[in-house]
Each structure stands twice: as structure tokens, then as C-alpha cells.
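Everything on this sheet refers to the single structure shown next.
Order as written gives the chain letters A, B, C, D, E and F; numbering starts at 1 within each chain.
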Amino acid sequence: MEQFEPKLVAFVCNWCTYAGADLTGTSRIKYATNVRIIRFPCTGRIDFMLISKAFANGADGVIVSGCHPNDCHYTSGNFHARRRWMSFNAMLTFMGIDPERIIFSWVSAAEGAKWADIVNQSVEKIRKIGPFTEYQKLVQSGIEEENFNG
Amino acid sequence: MTPETKIIDRVALDKLYESLKAAGNKMFAPVFRNEQTDFEYNPSAAEISYSHIQTTQSVKNTVFPKIENLFRFESGQKSVELVQIDFTKVPRVIVWNAHPCDAAAFSALDAVFNWDYVDEIYNARREKLVVIGMSCIKADENCFCTSVDLGPGSVKGSDILLTPLANGKFIAEILTDLGKSIADENASLFTASNGENKEEVLAKVEKHFSHEKVTENLKDGFENPFWHEFSLRCIGCGACAYVCPICTCFDIQDESKAGNGRRLRCWDSCGFGMFTLHTSGHNPREVQSQRWRQRLMHKFSYQPDRNEFIGCVGCGRCSRACPVDMNILEQLVELEKIEVAAK
Amino acid sequence: MKLGIYPGCSLTGSARDYNESVFAIAEACDIQLEQVPDWNCCGATAAHNMNKELSLALPARILAQAEKVGMTDIVIPCAACYSRLMVTQHELNNDPVLKNRVSEIIEMDFKGTTAILNVVQMIDKYVTPVLKDKIVKNFSHKVACYYGCLMVRPYKVLQYDQHEDPQGMDNVIRLLGGTAIDWGYKVECCGAGLTMSKTEIVGMLSGKIVKDATRRGAQAIIVACPMCHSNLDMRRPAINEYTKEKMDIPVLYITDAIGMALGIDEKKLGLQRHFVPVKMAEYIPPVPEPKKPKAKEPINNL
Amino acid sequence: MSSASNHEIHVDNSLSGLILKHTEVPVQKCYQCGKCSAGCPVVNEMDYPPSLLLRMLQTGTPEMEEKVLRSYSIWLCLSCEQCISRCPMEIDIPKMMDYLRQVSYKKKMVNPKAKDIVRFHKAFLDSIKNTGRLYEIGLTLDFKLRSMNLMQDLTTAPSMIAKGKLGLFPEMIKGTKHMAKIFAKTTGLKSEDEK
Amino acid sequence: MSRIGVFVCHCGENISATVDVAKVADDSSRLPGVVHSVDYKYMCSDPGQTLVKEAIKEHNLTGVVVAACSPRMHEPTFRKACATAGLNPYLSEMANVREHCSWVHDKGEQTTQKAFDVVRAMISKVSNNGALEPIKVPVTKRALVVGGGVAGIQAALDIANCGHQVILVERSPSIGGHMAQLSETFPTLDCSQCILTPRMVEVAQHPNITLYTYSEIESVDGFIGNFKVKIRKRARNLDEDLCTGCGLCTTKCPQKKIPSEFEQGLGFRPAIYTPFPQAVPNKPVIDHDNCTYYKSGKCKVCEIVCPTKAIRFEQEDTILDVEIGAIVLATGFDIKRSDFFPEYGKGKYKDVIDGLQFERLASASGPTQGMIRRPSDGQIPKKIVFIACAGSRDPAKGIEYCSKICCMYTAKHAMLYKHKVHDGEAHVFYMDIRAGGKMYEEFVRRAIVEDHVNYTRGRVSTIYELDGKLIVKGADTLLGAQAVEIEADMVVLATAGIANDGSEELAQKMHVSYDEHKFFAEAHPKLKPVETNTGGIFLAGACQTTRDIPDSVSMASGAAVKVAALFSSDLLTREPIVARVNRIPGPSHSTCVGCFMCQPVCPYQAIEREEIKDRAGNVIKSLARINEGLCQGCGTCVALCRSKSIDLLGYTDNQMHSEVLSVLEEAFV
Amino acid sequence: MDNLRKKAKELLESKTVDLVIGYENGTNGKARAVFIKDPEKTGKLIYDDRCKQNLAVYLNKHEVKHYGKIAIVAPLMVMRSVLVLVSECQLKPENIVVLGIGEDGSLLDFPSLEVVEKYIAKIPLGNPEPDQVIIDKLNAMSMEQRREFWQNELERCFKCYACRAACPMCYCLRCTVECNQPQWISAPAHPLGNLEWHQLRTMHLTGRCVSCGDCGRACPLNIPIHLLTMQQAEEAFHMFGVRAGTSQKADSALSTYKPDDKENFIL
């Protein structure tokens, strides 16, 4: 059987994790190809709606990563983000959407190896959980046309 | 055709339902679920509710669904291609057990969707629609069909109208050719009528106001302080419009991914603040009182003017659904009494 | 000028003299004092020591009684009562639930809108403006004004005067032509509620006060509280026991001092009821200041 | 930089937790500067100075809490409010003392040296309960009887009467029934007319 | 429709070894909106850049995507290339196919697919990019130092020694600050003035430093590199060029009994005065409130005696307009005075003094020539009580913090006293001793052990006077809170250090943030201790929090380096990545509802309130507005805004949304 | 009730307020909102168990705001809503008089919002008992069961936005669902659009919901959506110690932070 290859999107901040991922590259540490990185100025900029959008558009997992607490380039963006993720997580859990598909992490500009680890672990984890079909099913159902076309 | 009257008992009625369903018709019948009664597609005969006074939602979903595709599109590198909907695939839908108010509402919808623009998709659905009505033997304080020229036993809009009798049987009035064809196909299920009188069992619904008077009062009532006074309580949600059998406001949206997608329409409400917002930033109905006025004027003044019917069948759903007790009957009674503002 | 008055229990008994002098100066200044109808005891220290709700209900009933007859301002000569009523009004105004609870206990409406004045505030507001023309004899004595605890504390509630060094009575004395000394026991406690149960402690606390005033050459201690007065005046035996010498400095109410300056008959002021005899009239010019070593002035370095 | 600064003090079932709950006095805030003890007029008579009481409560141990409730200090406190007026942490010690006294009394842990004080308070309250106002001779006699200390004040009373400072008959207010009700509702006892 | 060019770099073999770059370029060329797509060996090389430039012109590109290394590496390179070819540089984006792709994956289809996905996402993003103009700021290479205490002096000298112009503004008539008032300094006990005055003179003589004393900041406009500052130079009533500082006027002035500010009220000065003998500049000022001439129109003795005829009675304040590139705030601190303490006499006892007053008493140049005498009668006190934490760590008095310097100077005071009055008793009431610093703890131990200073742990409740003695009532908490009563001759309060008078007003003028105690706020408590959140304004010394001399001096040098770094180039370019609140036509003006929940989120105080008024001037709406000079572009407010009324240029909702959507398109892995 | 009417009358007569918002007897035995300008009409005011609507929703309504200074009959949830609205600059403290209603239905006298804050500080806040019971039940379910539950419930939603309209905290001029550049939320009432809409509403009310339950009551289809925001209110309290509507200056849960916020899922 063909192995399931999950799609992951990574939302990362420019100053820590993006730079950390650059370091992974310069250190030539290999990791899984299943991730696509999107650069944000700060974790504080990451709207929870973007995570929803990623899932609605076919992502099986999302990695969110930024500076360690107290290391934010903008002093407090990651603290605000952390509260947002805590709330978002709580909400998803309550709605029965297992937040394990969202992997949050702090990766500093010096943690190239940690970034590779995070990606590999995340890909493995999502691979184990399987494709996010429930969510994608939602996308297509419910239109009357589907009703009368059977 | 000349209407004829027959009798059908409950067991036969269920059989009729199942056979229509088995024949590939999409059945739309009321079911009690989640503490309320509402129409659903293809429930089993046993699930169908016959004891409710009114369903939460109307039956307009059968011809004017809350979401429907208008067309699909696919884009290549240089151009976009439209894929039209094949209306011939619209299935026959049988509305089962609709109260006379709901049945009557279809004629209002017909008028709206064929007024200045003939709405193909609506008509495609409408042509395939059969209405099996059910007279009301119960009513509540929100019902006012008699005030809008209808009644608990009104036959308007039904192909067959059933009326439950005390003995558990139903009077079946076969009203249209369509109705007759159904009755004929299942003739064995019906028995002859013995002159049972449906008026005896019908619910008593008091006539609360004269809609002609309301319409007349509204003619010069645009600037009436009434609107402000009576709409202060309104919070501007769309509950009334969404449950209304006649409200037809809709929104058109495109949904696409990677250049492919569909154009669809979905319900909207004139009660929403941004419904009439112009790109310029101007909003002709800026405050809720203007929007509430629009709702009542549209139903009781503009539509009588334009389409010669009132946009209301007295089903009372809006009053029941309203979270803040904007009771339409109460307001219509007031509007009948109100002095036309001095010109 | 009409004002409400809540005398409190002691003014009908052990502090009858205070009551007399308050009414005497009010009369002299055309102030009509009208008692809060059917007033009750405020509960004093005992109530809040033993039972919180009671300690609020008793004062609330008094205020409600005043509200009922439309009194907007009431004077409370007793500092202890003043403090209790102020605290009650403050606490209830800040806690609507408690307010409802207390209203229910007293079975009366309680609004909490009464303006409550202590005696010095009353003097400031209504007596001082007319005083100048009425003084017949300067009260040219050197005295120690004693405020005690409850007229100035809790400051957050009372918001009256500078709580560590109040000046209200001192100003009145100066206005009367007298001298108010600066001393160390202005706002120390006299022993108050322990007067009956722990007399020896009261003797010590009051003794310190009396001794300091005497030592600094004051001719009288001026008070505005019946409890302070009874502890400093009546508890002389206990005080003397503590100080090991006989203290004969008289204790006057601030209203006594005003009354004397206005030339009101001493009997009418109730001076004869004080335990330590008041012979202020006999005192002629104050004792000269003890000579201090000549101050060396700081040197200007320019 | 902004951060929410609602540092809440944890309420538990220790005595200090109960104090916080019932009086909103935050015992844990005390950092033992001793300013309350320094200014307390009766500190030398106390078995534990106020700041020490706070420290004992902070420990939260049953032994210390019992010591506090059995202490003489809580009864000796004059409620003169000197401590709170100077406390850097705005800990309302008198309010706390009120509460401790009520607990100590309810749990029958009143320090033997303070029995007089309790008797006086009770006599005082009884006097108000019955007449609405304080009847000083009655109170004095009542208290003397309760404390069995008949000789004390024998010297002052007659001269008070002579000076007109003690009324021989109690003054009754009109609303005595009302007063009884207030007492009944606040103390949970039945008033006379309800019996 | 966008016209986008895609440029895929081989980076030698760095990328092409694992990614099929030709396929990426080819696939990209088929995407909607792409009109040109090539691959090349070294995109960042000159010929590579030329490829980009020529394509822009040839194909009239509206957007450029360079698939190469990390944007953190070469984004500026390609933006610059675009700009030279006439394309707005913010219409170019980089797809990171090296660090994030070729270097971390093995050769294979998936790696190529990933590279393509990333390119496609960037194409999608760039088609939503807007042309942005970088915020370019010319730098005026002149610094303003506000405050002439030791921190201001140090900062001014350091910047001036880097070769830049410095304007030093000091509010009082002389520089020197609090350090000039101190007697000796801990822990070395060396003479404060001896080490400070040479530096003061250096300031006055430095060719790069312009000194304005007796002057204040009137207003500050502009932003980093370009501040426009108005300085109010108060009238000294003196022709400063003519005045030689001979001092004749001050000796002849008939008004002699004015309490001296410098001496903390313990000494006197005339109405025309220099604050202290070593003042810089050594030129007097006339104190209008106390001058006989200004009060009654007569006198003019100073004018008559002045040998150079330098007195100018009619002189008025002048306002100087200066252009400034960077500002160092070194406004220092103040202390609570003894009248702040009701329980300690509220200032009515002359012999209850504060620490600065004691410094003057102990100073050899002070009013008593260094003899410790008590202010009331000049007697030498035999017993002094020092009270530490007077006001500090006292939330009831509104000061929760530890003032940090008092433990040390109290030990110093007690020690100085014991050194001068050998038979005297020194008592210290303290709560904790905080002596963290080189040789500090040793210093305190010396006071206790060698100089027999009596330390009692507890706070003093009250002080009152009796027979010329001060009765100090305290408690010894180490003895179970036993009451302690001391009859002292003098009491010295180590009063809390507080923000300088007027610092709030100054902060508002400067648009720098300040904490609840009005101390100026640093940009980051650990990593940006000398920066403020306002670009181009730096902090030095005790205006940020109370601190001692060595700390103040090091901070000043730090701030000076920040200024010098800023001045090292002529032009300051700021990325136009800033947030913006939307504007819509009509009565709503913006979808912003003015909940201002974004305000606490912004670390830079860049979110302001804008009031929309109707023609009659009535406020009809309050909106959030971003100050683009202050915004640093983190975007936290954008994600928080519920009505989506704020967007971040360069990372707009549209850009990010389309990037997310397109990165997930079709074949993914 | 008499006290309430008396107080309302006093306020209108003395022109302390221009409008009183309270409850009156509605149609068919319901209670509903009433707006009184005329002191003589204060007799209409009622307060009883039927008075469940969160009247604070009207404070941001254009036509109501227009009246000027308003007194509002305020059981606990209204008081809390008022504080939230003040803290979010939607209401000026000087324009509101709170006619507090105690837990026992008695009129509470609030001379100022500070006193309201003090009052609320003493009351144990949380979700109404019956709702919390359901929340606890849901929490006890498996993730799968919960998903099914919500999917079934939310599928029915037809997006009439009664939940939004009934909520005092949903006062945006333009809701995120109305944004179309980009289109954050699918506008149609299909399962995805519904899920997105309710997630958005829940997140936007995190730390701002006062657990009045009006969104759920307003839903004509009886979807228990109030459980979502109520659960978040509880979470905000557990995670951040923040309860909405306890202070006029409240820092809301998501616009502030503590450096030591505790979580257990960030790697």
C-alpha cells in the first residue's frame, strides 16, 4: 500500500523560526518534504482564521512556530499569540476537532536541528493520524445541486 | 378540473407516502426532532408529525433552497469556462403535509420569481413540485391566516388537501390534475366520501384585522413615527425572514479554489444592516427602523401594489422565531388602527 | 439654620455636659438642632467586635430614621458614633447586596444620602462664619487639642482633615484667640472601649496623653469626643496611678472653649459637671515659653 | 509592554483564607515591616504584637491558628485604626481583629484574660437590645455583676451621679420592638414578640 | 491581470543538484498571470540580476518572483535590482528553495514539487502585493542630550568624542545634577565633586558640545533622524558673552536669605546667583520671584556693580529651533521630600531630613563645611536615626518598588556620621538590606561591624518632637516585633527615589512611553535597555529607574554608542511594513468600531485615537489610527482586530490568504 | 418591582436619564424589552423569571443610543455586559445608570459603575448551572462523539445571524463574515461555512462572553451555540484568570497576556 503523504503548512515568524529553518538549511540537516513554510513577521500576526483556511483547503496538519517566550523581536507578539492558541485549542477540543493536527512550537534562530525535528515529528504524527478527511468532506457537502444530482 | 372529495385512513395514508417515496419522488415532510418540528427530505412514514401546529421553517426550501448553485466555472491559463446546470435533472419533490398557509405561499413565490425576470431554476423546481396539504385542526395565538384571506382549510396551492377527522380518517380533496393523477395511481387506498364536513373539524382562527385597511394605511405611512416606536426592540437578525414562506431576499457568492468553482445563491435578509449598503458608503436603509419598515411595507404595500397579493400568509412563524417578541400580528393590528400621518 | 443631630447615648448620660455645651453654642449662633426621631444606640465598639451585621444595622436604622423625616445634614458630636455612622454609610453605599440585606433587617428604606458632620465640621461650616462678631472674651489660653482615633480614622472613609496632624480644632482655638500647641499625642488612642473592662490600660494610655500635654505647658486639653473626655477626665485616679503624680489639667470640649469665648454661662455649658475642676477664667496670660538654647543658623556658603 | 496584572490571592480553608473571604483582608500581603506593632498603643500589653499575629496566620498551621484565636491580643485591640492608617500594604488589621474575635467567641476560645472584655461587650449589647439606648447605670451594674468585680469604680459612680452624669432610669426608645427584631435577625435569636 | 516574471536560480549546484530547476521554471510559466519564466546559474550575480532587470522592461512585468535562497539573504539584492529597472521593489518576492528546500531534502520529484509549490505560493502572493514606498529618512547628525547630570555629561562627551555635534540641555542654571550635591560616594568614599567637576569642565570646553543650561525642551516633532526640537532658553538676564563670572553681583545682592535649591534648603543664596561655586557655566541667573527689582521696580545693585555691564533686566526667554537626529534622555530622578510623610511630621520637624539634605550636611563644600549639625539649632546631633525604605516598597504611598540606592547610601551616611562624630550613636531602621554590587555588601558589613552602626529590622511608625528631641517609635521585628523607642537628635529618611518632576510631560512631548511611576520605559527590559519604543530616542541614567553612579555612567555610554551607530550613515531606510487602519467612504469612515482593544496589544504605542468630527466640530466617531513613524510592523493588532479593520502592508490579509490557498493547490507532495 | 418602577420614574422625572430600558409584558405570556421615555409609563416595568433577554444589546443600537443618557434594568448579565461595553469604549460610563437586579430580584442601588464592579467581585461568576451541566457532559464525551454532536447541530444552522444580533458584544459595524477581500468565511449556510462562522464567533467572544446565553435563546433552530462561548468563558477563566465584565478597565483575555501563562502543548 502506498504510504500516506500528509500535507503540512508551517506558519512561522520571520525572526526566530524562519531564521532557524534557514539554519537547518545551512547546516544541511535533512527533513521531510511534506511541509510548506509561510513567512509572517511575527506569530502575533497569525490569524487563527488562516489555520482554518489551511485545513479547509486541504492541509492535513499545520505547524505554528515562533520565538521562545521573552525572545520576541517585537517584545510581546508571541505572548499574545500564545493566548490565542490556548483559546483556539480549547475551542477546537470542545468542538470535537482534535487540535493534535496543529503543532505549536518555539524554535529560535539558533535551533536549526530542532526545526528539522519538529517537521519530522509532525509529519510522522500526521501520517499516523491520517488524512483530514472529515474537514474536507464538509467543504463539498450541503449544496442543493448535489442534492438533485443525487 | 372539478375537485372531488374522497376519504383515506391513516394506514392507507402511510402507504400512499411510502409508495410515492418508492416511486423516486423526493418527499419533504415534517418531523419532530431537536424539540421542534421541521420539514426534512425523505423521512420514513413513521417519523412524520401530524400533531404540530406549525413547523419552524417554511417549505420554500423546496423551490428556493437556502443554497443553490447557479453555474460552475473552470479556468485555464487564459480563459474561464462556464458549466451550466442541467435543470432536467431536477427531481420531483412532493411536499407532504403542508398546512394551507404554506401551500398558499407558493403562488406568492411564483409571482416574485416571474415578475420582472423569469427565474429559470426556480421554475424548473416549481414545475416538479407537488403539494399535499393538510388542513389545520389546531391553531395558536400567532396564527392569523383568516386575516389575510386564507383559512385553516383553504385549498389554495394544494394539489391534494387532506383534512383529519375525529375518527382518525382524512378527507382528501383532489384539487388539481396533478393531484388527481396521484389519487388515480393509488386509487385503491382511497374510499368514497360520505359527505363528511371538514368545516366541523377545522381550527377556529379569529380574524384580527382587515389587511385592506392595513394596506391603505401604509400608502401614506412611510414617515409614520410608528416605525421608530415599534422597531426599537428589533435587534436586526434574519430569523423572521429565514422562516418566512414568502421572503425571497438572496445573496450571490462565488466559491472557488485554484480558479475552479461555482457561483451560488443563498438566503439573505433585508433586515441585515449591510443588505443595502452601497459601495459609496451610502446606505439608504441605515437604521433598523427603516429596515423593519421595509419588511412590513414590502409585504403589505409594495407587493399588493405590484403583484396584487399580500406577501404574508398569516403562518405566524416570524412571531414564533423572533428572539425579542417582535410580534407581527400585534403590529398589524396596530397598523390597522393607526391614523395616517398628516401629509 | 436648622440641622439634625444624633446625640448618641453618652450625651444623654455621662456626657450630658457635652450635650449642654453643643446646644448652648448652637443656640448662640442661631442653629436649631433637631434630634433624629426615636434614635437608638449605634452599637459602638461592642457591636462590631461581636457581630458585623448588627454593627451595620444599628447605625443604618439611625440614618434611615433621619431620612424618613427628610433630614439631609446631621451633626454627630460623639466621635465614636460619627465614625460608626460614616463607616456604615460608606460600606453600604459600596455594597448594594449588603445594603438590601441591612434594609431588610431594619425593615426600612435606607438610601445612604445623609451628609454626616462631626462637631468640628459643624463648627467650621456654621459657627466659624459668625464667630468673629460674637466673641466677647478671647480664649487666650495655651491648650492641647486632642483628636483621638475615630474623628480622623479610618481616613479612607472619613476623608476628614490631615489624619496624622489634624488642624480642625487647632484652627478654632486660634480663631478664639488661643494658642494650640504641637504635641505628640494628638491622634493616639485614649483606651476608648476598654474603659470599663481594662481600666488600668486606659489609665496608662490616657496617662501618657495627659502627661505629654501637661509637660508641654498646656493649660487644658481640648476634645471633641465624650469617650475621650470621660477617659481623660473621669479616669484621673487610674491616670494618676500610672503617672505617679497628680495631674490637674482640665479637659474641655471644643464647644466649651467656644462657649467661654462667647461669654456663655459656665453652668449652661455644663462645666461644673467635669471631674477636674475648670478654672480657666482665673488663668491670666499664658506661661512664657521655656527658653531654648539659641539656635545656630546654618551658614550661607556664598 | 502590557500585561494583565490581576494577581489574585488564593483563598483556601486556612484561617487566613477565611479572613480573606469574609473581610477581604489579605493577610498574605504582610511583609513583616513591623510598622503596625511600632505604632500600636497597647502593643506592650499584648501577648503577640499585631505583625506577629499576621506572621502566625501566614504560616497557616493549626497550632499557630489556635494560638491566634486563643490570644489576648485580639481582644485587647482598641480598633483605634492606627495600624491600618500607616500600613504600607493597607492590610486592615482592625477589620481582621473583628473577625478573629467573632471566630474566637464562637469557637469558645476566648482568652481567660479577656473574659471581662467580652462580658462588657455583651452587657453593652444587652442594654441596647432591651432599651434601644445605652443605660449606663444598668450597664455598669450588669457588667459588675457579670464580672463579679463589684468594688471597681465604686469611687467614680457616686460622683457621677452627683455631677448629673448618670441617669437613674433607663431611657426607652419607642422602637424597642424594632430593636429586638434587629437583634433577632442579626444574631439569629428570636425576638420577644416572636416567642 | 498580473504580469509576473519567475526567475529560478541554480545557485551553482546548491539548488539544481536536488531540484529540477528547469521543470520548476517550465511549470511556473503555465500558471495564470505568469508571462516570463527562466532559470539561471547564479541569479544573484551581475548577469543574473541583469536578466531580471531586462525581463522587467521587456515584458512590462508587474511582479517578480525569484526562487533562490532565503529572503533573509538576498531579498534586498533583488528588490534593488527591481528598483533599478523601474519596478517597485515591494512587487518582488523571494521563494526560498535553497535553505528551505534543496539543502534540506534529497534529490527527487518531491523536492522539485515542493520548490514549485513554494514558487506558486509566492506568485499568488506577489499578485496581491501593492507598490510600497520605503520610508527613507535622512539623518541629521546632531544629538540632543536632555539633562546635565552625570549620565547626560557622559553621553554628551561620548557622542562628541565620536565627532558628532551634541546639544546638551539642562533645566537648572548649572550642569552637575545630583552627583554634584553628594559628599562622598559609596563604596569607595571618594569625593563626588572631585571626580565630577573635571568632566563638567570638559563638557563646557568641548568643541562639539553646545551647552544650554537654564533651558527646557519646549516641543519635539518629527521622528528618528529628523526631530525638530524647540528649546526654551530661559532669560538669565545677563549678557553671557560679557559676563566673566567674577561673582561681584552675587556678593552685593541685598537679597541674601533665599533658601538655596542646591543646598536643599539648608543654606541661603542671593537673588542673583550661581547654584554652587564650581557651577558650569559659572554665570549667574536672576531669580525673578525673589529679586527686589522685579518685585518693586527698584534696586538694580547688580547692574551697578557689574564691571562688564553684563546685566540685562529686559532680557526675555528665547526659543531655539534645532534639528536633531537622535535624542538621549538623561533627566535623572528626584526623591520624595520629608513632607511626604504625615507620620514622620509632614515636614514640620526641621531635624527630620532627607538623604540629599544629609549629603549637603556631610559635604565639605556644604552649608556646615562638612560638620554634621542639625538644621534646627546647629547642634551636633549625638544620636541619629536613619530610616530606610521611607516611601519605597510602600504600596499605600503609591510606591511599590525598591529604590535600589538607599541601602547603600544609608550605610554610607551612618558611616560618615560615625567618622565625623565619634561618640555619636547611629541607628538604622531597615527592612532588608539590598547590597548587590561590587564591594557593596562588604561596605555595609563595615558600617555594622567596624563603625558600630546599630541596625534594627523594622519600620518606624511615627516620630514626634519632645523637648528638642525626636521621639522615634519603631519596632524590632527580630525580637518578635517589640516596640522600640529612641530619643534622637536628628532623623534622616532614606526617601524613595522617584521620577523627576515633569518627566510625564516630557515623555508626552517626546512620545516615549513611561511606566506607572513616570519613569521612562525601555524598549525591551533585557535586550533593549537603552532604547525606547520610539525610534531615535534613547535613555541614560536614573530617568529609567533609580540607579547609582556606575550604572548611570555605563548606561550613558551605551546610549552614546546607539547614537553613534545611527549617525554612521547619512540615510536611514525603513521598510514600509506598517499596519494601517482601513478607510471607507461615507458615514462609517472605517470599519473600525473603536473598541481600542488593539491599543494594549501594541508594544510601540503606535495606535492612536483619531476623532472624526462633523462640520460643526462634534465628534461623531473615534477610530484607531496607526502612527507609521512608531509602528514596527509586527501585525499583532491585525490578527486581533475582530472587524478586520487593520491590515499590515507587505503582509496583508489578502496576501497571506492567497499564499495559504495556493500553497495547498492541487498536487502537493 | 415597585422599587424598580419608583426608581425609574424618579430618574426620568429628574431628567437624570432620557430613557429607561427594561422589561415589560409582551405577547403570549412572554416578557420583552421596553423603552420608556415618559415617567408616567414606568408602571409598565416588570421583573420576573421570564426576563432573560440581555438588554445590553440595545446599548449599541443606533436609534437607542441616540436618546442620550440611559438607565437599564440590569440583572447580573446585563451589569457585566455594561462593564464589557465600557471597557471596550462602546459606552461612556457617564451615559449609563445601572438599575441593578439582585439574585433575589430586588433592586440594587448602584451610584456608580465602581460599585457595580465591587458587587460583581463578590458574586461567584460562572455559567448557569443547566448549561454547565451540558458542557460537562460534552466534555466527558469522546472527541469523536463531540465532533458528531457539533456537526449535527451546526449543519442545521441557516445563518440568520440571530445569535450575532442578540449578543451585546457583537457590535462590529462590519462583521468578519461580511469581509470579501479576502472572503474569510464562506457566506452560504453549508456545513463548512457554518463551522467557520461558529468558530469565528466563539473565538471573537473568548474572554468577552458574559455567559448570558442569549445567542442560544435567540436561535430559531434551537442550536445550543451558547455552549461554545460559555465553554470559552470558563476556559478563559481557568487559563488566564480573566472573567469578562468584572471591570470597566478590564484587560480582555486576548488583548493582554502574562509572561507566565501556562500551556502544555507548545513544543
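Going forward, a residue touches a chain if its C-beta (ideal position, glycine included) is under 8 Å from a C-beta of that chain, and two chains touch if they have at least 3 such contacts.
Not measured: the values here are computed from a predicted model.
Chemist: Farthest from chain B by Cα centre, which chain is it? Let me know.
Modeler: C
Chemist: Counting contact pairs per chain pair, which pair wins?
Modeler: C-D
Chemist: Just give me the whole-number Å value for how far the CA centre of chain A lies from that of chain E.
Modeler: Computed from C-alpha means, the inter-chain centre distance equals 38 Å.
Chemist: Determine the centre-to-centre distance between chain B and chain F, using the mean Cα coordinates as centres, and give it in whole Å.
Modeler: Taking the mean C-alpha position of each chain, the two centres sit 33 Å apart.
Chemist: Using CA atom averages as chain centres, what separation in Å is found between chain B and chain D?
Modeler: One centre to the other, that is 74 Å.
Chemist: Starting from the mean Cα coordinates of chain D and chain F, work out the distance between those two points in Å.
Modeler: So the centroids are 43 Å from each other.
Chemist: Quick check: what residues of chain C touch more than one other chain, meaning two or more?
Modeler: Chain C, residues with two or more chain partners: 163-164.
Chemist: Which residues does chain E have that touch at least 2 chains other than itself?
Modeler: Those would be 343, 462, 588, 600-601, 603, 640, 653, 657, 661.
Chemist: Quick check on chain F: which residues sit in contact with 2+ other chains?
Modeler: 173-174, 176, 184, 188-190, 240, 251, 254-259
Chemist: Under the definition above, what is the set of chain F residues touching chain E in their complex?
Modeler: 88-90, 171-176, 179, 181-182, 184, 204, 251-252, 254-256
Chemist: Quick one: in the complex, what on chain E touches chain D?
Modeler: 343, 389, 393-397, 431, 457-462, 473-477, 480-484, 521, 525, 600-601, 603
Chemist: Could you pull out which chain F residues touch chain A in their complex?
Modeler: 138-139, 141, 143-151, 155, 176, 184-185, 188-192, 195-196, 199-200, 202-203, 206-207, 228, 231-232, 235-236, 239-240, 253-259, 261, 263, 265-267
Chemist: Would you mind writing out the residues of chain E in touch with chain F in their complex?
Modeler: For this pair, the touching residues of chain E are 588, 591, 593-598, 600-601, 622, 640, 642-645, 653-654, 657-658.
Chemist: Can you list the chain C residues touching chain D in their complex?
Modeler: Going through chain C, the ones touching chain D are 9-10, 12-17, 38-41, 43-54, 57-58, 61, 104-107, 148-150, 153-155, 163-164, 187-189, 191-194, 196-199, 201, 205, 234, 237, 272-275.
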